[in-house]
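What follows is a set of structures for review.
One chain, chain A, links the two complexes that follow: it is found with chain B in the first and with chain C in the second.
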Partner chain A sequence: MSQREFFIDYSRCIGCQACVQACAECDTHRGTSMIHLETIERLDSVQTAPQVCMHCENPVCARVCPADAIKKTPDGVVQSSLKPRCIACSNCVVSCPFGVPKYMAEFEQMMKCDMCYDRSSVGKKPMCAAVCPSGALTFTTMEEIQRTRRGIPVNSWTFGEEEVKTKVYVMVPREVDRVNVDLIQIAPTPSALPADPYDVALMLEVQQ
Partner chain B sequence: MKPPITTPRISDTAHAMLWGLIAAMTLIVGILAGSRGLRDFDPALVSYAGASVLAGFGLGYRYAMWLRRPPTRLYWHRGWQIFLNPRRLPANLAHLARIVWNSVVLQRFIDRRSHLRWTAHWFLAWGCILAAAVTFPLSFGWVRFETAQDNQEIYRAFLFGIPLGSFHLGTTIAELTFNILDIAAVMVLIGVFFALWRRGRDHGAWSVQQFSNDMLPLIFLFAISITGLFLTISTHLMRGIYYGFLSQLHAITVILTLLYLPFGKFFHIFQRPAQLAIDFYKQDGAAGPQAGCSRCGQPFASRMHIDDLKTIQAALGIRYQLADGTHYQDVCPACRRKNLALTQDGLWKSQGPNPRGC
Partner chain C sequence: MAKLSDTIPNLVQHFGPTLHSIPSGGWTRNPQDEKLVKTHCCFCGQQCGIQLRVNNNKVVGFEPWETFPFNKGKLCPKGVKRYMQDEHPDRLKMPLQRIEGRGFEPLAWEPAMQRVVSEIRRIQERYGKDAFAVLTGASLTNEKAYLMGKFARVALQTANIDYNGRLCMVSAGAASKKIFGIDRSANPWSDIPKAKVILIAGANVAETAPITTDYLWQARENGAKLIILDPRMTPIARNADLFIPVRPGGDMAIFNGMLHIMIERGWIDREFIAQHTSGFDAVAETVRKYTPDFAAKIAGVPADMIVKVAELWGPAPTSFLLHARGIEHHSKGVDNCIAAINLVVASGRIGREGCGYAMITGQGNGQGGREQGQKCDQLPGSRDISNPEHRKYIAGVWGVPEESIPQKGLSAVPLVEAIHDGRIKGLISICFNPAVSLPDGNFVREALSKLEFYVNIDFFLSESGRYADIVLPGSLMEEDEGTTTNVEGRVILHRKAVSPPGEAREDWKILCDLAGLLGHKERFSYASPKEIFEELRVASKGGTSDYYGMSWERIDENNGMFWPCPEPGHPGTPRLYEGGKFGHPDGKAHFMPVEWRPSAEMPDAEYPIILTTGRVVSHFLSGTQTRRIGALMDQYPQPRCEMHPRLAEQLGVSDGGFVKVESRRGQIVVRALVVKTIRPDTVFVPYHWPLDRSANNCTIRAIDPVSNIPEFKICAVRISKTDQPTDEIAILGVEAGGIR
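== the complex of A and B ==
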């Protein structure tokens, strides 16, 4: 059987939070969920998006780390910072092009998604991919993803002039061979619209 | 504040070798001066002193190499700039005392990670510090003991040849002085036991641990401690049997550990105090202007931190300038994540309506 890879398809996310709960069950970061689940723009869209570590080939987080605390395993998985070395500067947190590392103030350490290394290193699915009901997060073979999905998996990105290649793939239309990331703003809801007392999104926004 | 220079000027290796030699020479001069021209130097401990000089070279080399990294260099300079600011020095010294107490003496941040990890680390750290505080001055001839000329029951202690005091054999202070390395060895063995206990039960640790980085240091510490205790056992319980062999074995374990010191896990002892500088850096950044996200407008880091990161990224060849003239570094992490989903969404939208209608 071919090697299994991690595929992410933001457009399939239904915001169920199963990945967030399952992530905290992983033994390498027990009790702490490392996945991000973003609500894109509560008032204007119901879209949600999960974000796992993309495991860059030449990780920016490791390059900007003053303590040389971020290491990659031989199979290309970028690990959380080494506990004895991390000096809690947060360079990685604000430099990562995908916004992945988390600074855990309580532990004075950067932690991040490590693809549930205790599981994925022995061929098991990472917790988030194991529980995702919509296929937004999938851990399977290249052949299987190409057989079952409309788009193709791509792992090349540009952020400005910075080119990044990742171990994790994103699903895009067949014509695309690289994702060029530019800033995208959603046009805000016109404020002239009357407030709807039955608008659940607005209610949630106020509660936040 | 002017950003520090981040571009290396001479070859990294030559620079690091130079600092290694400076560290080794400083230690040799320290041994010569501290032992009063080797008059107080104990020749039986020459192998320990020699290995310490080699470790000094290795530490100087590794530390200089580490400081050649652009982010490390920048924070090194920034940390000192902020700490030595004359207006803030008194407050900084008070803050330093607080964080040294919490992070170095009590190591509270490790306790918050796990009690078991803290127990192991605290005993290992303080056992090693106690042993180092005794062994190095003795090996360098900085501290020596002699019996009083008029009374064989009285021991006198000297530091750099200056009398420190005396004590009578059989007193508590004599017992503590003669057995302090045994106490340190027991502390280290307790730490090794808890560290192995944790590693034996933690599935997460199993998957990421490496023999050279995680097990070897524990093996070294166990070997030093157990062979050191064997020396005491040989002396007091076995009438000195195998003492010569055991002392050679103990010396080998110590020398190997000293040679491993600059290049293995133990280097964090010298590297980790950089976290104190980061504490001052964060404090200074929080008091200054904040950087707002160019997408959502919310502050997400100090302006100083973001500007410094841009300097570091330029030195590392990371090019985050966007086509519209903005800089990706000015986008907060949450907006970066949202932006990725919107980018993928845009790619699908550009393909026109989904033929399946969903």
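== the complex of A and C ==
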């Protein structure tokens, strides 16, 4: 069997938090959940989005670490900080384009998703992708994902001018070949806002 | 004498709910000392495969079971954390007896059982056999469900046994039986991804049947269109091709309106209808007036949504219809389901690959629990208790005279009403928490306090158990073995992972011993649940839900088997109705015309808002189990009242503010959750919490005339802004009914 990869499909997420609960069952950090499940804006929508560490090919978190505490294993998995080296500067926390690492004062180190290294390094699925009931998180082969999904997996990103390539893939529509995250206007003018797509009152009104 | 024997804060202090947040043995594991036990989740009707990690007779964690075909390792948060019920500080380990003014004190098994038996005898001698009632549950294994029915009819000889599936599957079951002749989902879930159009009515799949999500998304990857009917935009509705925010109670108008358009535009299968069905003309006549405009007014949605849904569903090459409590929890719940099934049969898209119908079973053994004879009107094998032939067959299996089997008894809500008005004096309950789960909670708790004697079998002291005179410590799913039947009709095997702790016992042993003490030892002398299954499969032989050809070994080898399985060599029946052959004696599907009618209580000037109730993903039913698990409580700690910003503005309520929700029957105070994803005329409150946080304080005791399901999905309320309550209930932990 060819190598299995990690795929995120945000459109499938149902916000159930099975990933959050199962993450805390991984033996490398049992009792502490590392995955982020973002509720986008509950007033407007039920949309949620899971965020694991994307395991960058050239991880910014490791590059900015003054203590050289963040290591990538030969199989491309970026680990939590090495506790004896971590100086709690939080450079990694502020530099990660995906907002993944967190400094955990309780454990005196930066901790983050390590793709359940105790499991994935021995051929098991990471906990979150094993349990995810919606398939928003999937750990499988490239062939399998291409065979079963309409969208395509991409792992190239641009953040402004910064180009990032990640070990983890996200599912996007077929016409997309990379994810461009440009600077966004934090407070758009009301006219620039799209019509509220999930307002049930509007649905009942507009067409009547 | 079943009034509360102590204050609620004192009872909570001694018996919980208490949060359990760290597994037995701590977070560090010793894998070398562990064994993995392949079994199933104890919660919903999906019955996902899971492996429990067991160390020294303690469940210490779980491991996904990726080769079990239904869920392939997938789990929802309840499944992930279910192992935290084990080694729980609230676990009942000794029988308890009620002591006036002091709560409960431990008691040895022998005096506890003697007391139960003498009270059963006293009440039945004084008031008649039927004055002692039995309330059971649909989370019990098939073996225990069978045993409960037999215990009531043989050992107690009471007509009054019913179960909490009455709050769950009875509308869907009755409708399926009327139209198809069989009460079961028609297809295995593997048919879902093969359908080109999927219609889901009244099912918050993402939160109540999360594993089904992947089947739906897979259908969409294959090009299917997804249609959702729900007053709320639930997570599964967000990405649907068509979301119809139907007014609670308006679903039937949409189904009849769809059929109206399908007939008009020729989107029905006339050949199939002629060959395999009866009664279509009457249905066509009934739906004639359900024009899009007429239907839209009832459904409270724009008429073009009804045209759109008919255009998606009508001409589809293959299709799958699923529904759940959203259309079933109504005083017209059966008729709602019939209207939905009429659409399936009229399209002729049933009994083939990718063409089907399913009801999404709620409780763990929601399917099997309604087949083995613990319903008030039913004997094992889904047999009818008023049918002389059926009675005779079961009397033969049980070795009792046919006339000794009682006739049909009261269903759950009338049964509690009979307790309230004094016709029923004694109660034994297992796996049922009516104080939280039945409608009109104040009335229900009042009824429980009127019982002369109440014995409750449970593993935790539930809110209902607090009213008991004797509490007998039973078993968790993982402390016993047995089969359940999942949402698809697949019979699966639960393995025993650990033994019951302390002096707690397997439920079936308690029941058999009680039957023995009541003088029926020879008919309840099983050595194991497997022996009960051997009798159950004979009792089901020739019935609709025929398990006769199954054995525990075959079930295990095949990762479950689908009934009917009439002979030992039979492969089981994953898909029903193949070749257009239905379950009625004439082999046809029987169309039935249904007319919309208003709900029992419609909003008015005094109570202008619709309250609808349901579940959230991290909790299960009355919360007896999930409100004791720390991680699940962290995820959703207390009920909130979901309302649209337009309604919130009218009420002067802001997100997170405290509101009083009151109906003619009772009230709750909870925080508001202001969201645009709900109809402005409707609010939603989940029902998993007790006391002043129990949505069922407000719900109405109206039931469907056929299924007797309560109308949980619509009652009229008024809502006002209020201050944070500070009374003795409010300051309890949120798991016990407090508020933060």
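To be clear about the criterion, the second predicted complex is superposed on the first by the 182 of 208 C-alpha atoms of A that agree within 3 Å, B and C clash if a C-alpha of one lies under 4 Å from a C-alpha of the other, contacts with A are read in each partner's own complex, and residues count from 1 in each chain.
Keep this in mind: a residue touches a chain if its C-beta (ideal position, glycine included) is under 8 Å from a C-beta of that chain, and two chains touch if they have at least 3 such contacts.
Computed from a predicted structure; not experimentally measured.
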| item | value |
| --- | --- |
| Which superposed partner A:47 touches (first chain B, second chain C, both, neither) | both |
| Partner chain(s) touched by A:142 [first = chain B, second = chain C, both, neither] | neither |
| Touched partner set for A:181, first chain B, second chain C, both or neither | first |
| Of chain B and chain C, the chain that contacts the larger number of chain A residues | B |
| Which of chain B and chain C A:11 touches, first, second, both or neither | both |
| Touching partner for A:134 - first (chain B), second (chain C), both, neither | second |
| Contacts of A:152 with chain B and chain C, given as first, second, both or neither | neither |
| Touched partner set for A:30, first chain B, second chain C, both or neither | both |
| Common interface positions of chain A, toward chain B and toward chain C | 11, 13, 27, 30, 47, 150 |
| Touch list for chain A against partner chain C, complex | 11-18, 20-22, 24-25, 27, 30-31, 42-48, 125, 127, 130-135, 148-150, 196, 198-201, 203-204, 206-208 |
| Touching residues (chain side chain B, partner chain A) in the complex | 66, 69, 71-72, 74-75, 103, 109, 112-113, 202-204, 206-208, 265, 268, 271-272, 274-275, 277-278, 281, 294-295, 300-301, 305-306, 309, 312-313, 316, 318-324, 326-329, 331-348, 350-351, 356 |
| Partner chain B, residues of chain A touching it in the complex | 9-11, 13, 26-30, 36, 38, 40-41, 47, 49, 51, 60, 63-68, 73, 79, 83-85, 87-91, 93-100, 106-109, 114, 117-118, 121-122, 150-151, 159-162, 170-173, 175-176, 179-186 |
| Footprint of chain A on chain C - complex, ascending | 22, 27-29, 61-62, 64, 66, 71, 73-77, 79-81, 206-207, 210-211, 213-214, 217-218, 220-221, 223, 232-239, 243, 245, 300-302, 304-305, 617-618, 631-632, 635, 644-646, 655, 673-680 |
